[in-house]
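Letters A, B and C mark the chains in the order given here, with residues in each chain numbered from 1 onward.
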């Protein structure tokens, strides 16, 4: 198809011409998705560790639930957040609908189960390795949670990056709660959807290519950062 | 307040329908180095874990003198056959247990420096613990344990995976810890090591203590058949 | 690292919160409108003029007419600009919006593959054309999203007494999508569909699609603008919303609409003056 060839050319042009409008969309996408991932991680990483360390009634059910929620449809999350934030909803007084804050909230909800589930898997294995040693040191479960989070940090970067991938790639939720308002809540994915609906397939594809490149860049950056603090051997 | 002696009363540990530890009653007091000797699978590791509180007995009791569980936990520590190296520096590994015990920054730094120099790890202090060799790891495990100034130190076959040089270094450190006043309870299946280190031998066979004796007397003439067989190098069935 | 991460996170959140606060401090209103107007590029043409004149920013949320009306009912928009008169009047009757004003019009087109398997090209009656599409079981793509265009299409089927739902999934394909996405689907399926002129003119992926029916009075597409009732939804930015509605209906607003061109063609027509009713205030 001619569109694909045109798209790569356009993508290149988008990157080299540094158009302010386009840069704004990219910056907004990054700010929103990174904020969402940071918020989700602050909540989800400790919860993943709690699931790995504490034995409580309902824990198996909680693990099943969290794993199932990894597949939450973005549109469903968008709708739930919309109903919460709508003026007619319980949080309507905050006036957050159609703002970046609403998009961050929706993406956090979408990302949190992924980070919880992946963190749980990583930390459960680490806990098996550490449990006796930490008990012997006299660590209580609360101490163990922080120890596991710190010692598992390199692997947890992967879990958080998986969350970032989900956040930055989804369109269903941010379209509903953000409204795709130009210069306010328009991000990469909603722009792609918009350009597709205008029939500008090559431009939409070019934006998609840039989105992939950004995802590659962010992931490479995260792995590089993690690698700097990792031991050389092993 | 001292937590020794440790008293085990009719302790059993059952798993999968077998008595892995069967009806052990004994006292462990301060002083002499106690070596837990026996073949693989005799229950040495299990007994150490029951004493240290990592496992609870299926029946019977494990009791420290006069101390509540929290206090007892703080006065004892254990070195494992394959110690877990926390994913941080050698120094931070030593600091970890001290922080848990709420030791302040200044006192902590002092105790870390002492423990590292006593175990010959000063030069490696800022190395990530995970890149250490087997012998260095075991010395770090000893440094971590020693820094906590425990009243009693359990060691579970700490030299099982080490070469002779590293083994000698570990044994020397164990002797030092003992001389500094910590009760040593160490499991081994290495007869030579038992001869070198033991003041007192507890011989374990199939989950039972078959003999407890002064080291000299034990090696001169064991009173129980399983111990005699072990000393002669016969296979026990 | 934890504390550093935390600080970074907080600073990002703070930055966004303050960014939000500063834009909230400026004057803006939320306009819920249709994908047909957004996709055509009309708002990019007229809104900068209003913003320059008034200093009020207009944030457009483009959804179907049905969804825009739901947003108004929930109080999630200040003004709506939609094209289904019946729903608009019900919204006013229910007290969710103040008066409805005709603001502009254009027309719907029946577009389809240029080989025209149902043979409708040149018919004057759009409803009759749809009946022919049904008879020949030629593929027809419907918005299926409760939008103004969708409701206009349903009205045409009713006029010729055809129940396309019976063929849903067969030759009648309801995509539940915006105008542009529906045109993409029709182009890919080589199918017929009903489109508004504005979106059609701006649409870049026409492929073999071409205009087959136009000019039938039944295809008249009338856009109304309504301000959400501040008595019912107190947070509505009444004065800014009123300023926008008044501007749209004023000569400068109407002139802005009239001057919008796609490829040199006018695609929205200001309301024939003096059709404007005096604004009813509560």
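Following the convention adopted for this analysis, contacts are C-beta pairs under 8 Å (C-beta built on N, C-alpha and C of every residue); 3 or more make two chains touch, one makes a residue touch a chain.
All figures in this text were calculated on a predicted structure; none of them were measured in a lab.
Asks: Name the most central chain, where centre means the mean of Cα atoms.
Replies: A
Asks: Ranking chain pairs by contacts, what comes out on top?
Replies: Chain pair with the maximum contact count: A-C.
Asks: So the centre of each chain is just the mean of its C-alpha atoms; given that, what is the distance between chain A and chain B in Å?
Replies: 46
Asks: Could you work out how far the Cα centre of chain B sits from that of chain C, in whole Å?
Replies: Going by mean C-alpha positions, chain B sits 78 Å from chain C.
Asks: Taking each chain's centre as the mean position of its Cα atoms, how many Å separate chain A from chain C?
Replies: One centre to the other, that is 32 Å.
Asks: At least two other chains touched by the same residue of chain A: list those residues.
Replies: Touching at least two other chains: 150, 153.
Asks: Where on chain B is chain A touching in the complex?
Replies: Residue list for chain B touching chain A: 49, 52-54, 73-74, 77-78, 80, 83-84, 86-88, 96-97, 100-101, 128, 130-131, 144.
Asks: Which part of chain A faces chain B closely enough to touch in the complex?
Replies: Residues 129-130, 132-133, 135-139, 143, 147, 150-154, 231-234 of chain A touch chain B in their complex.
Asks: Taking the touch rule as given, give the residues of chain C at its contact with chain A in the complex, in rising order.
Replies: Going through chain C, the ones touching chain A are 1-2, 5-6, 8-9, 12-13, 15-17, 19-20, 23-24, 30, 35, 38-39, 44, 59-62, 73-76, 177-181, 183-184, 187, 202-206, 233, 235.
Asks: Touching residues of chain A toward chain C in the complex: what are they?
Replies: 31-32, 34-35, 38-39, 41-42, 86-89, 92, 95, 97-101, 104, 149-150, 153, 179-182, 184, 194, 196-201, 229
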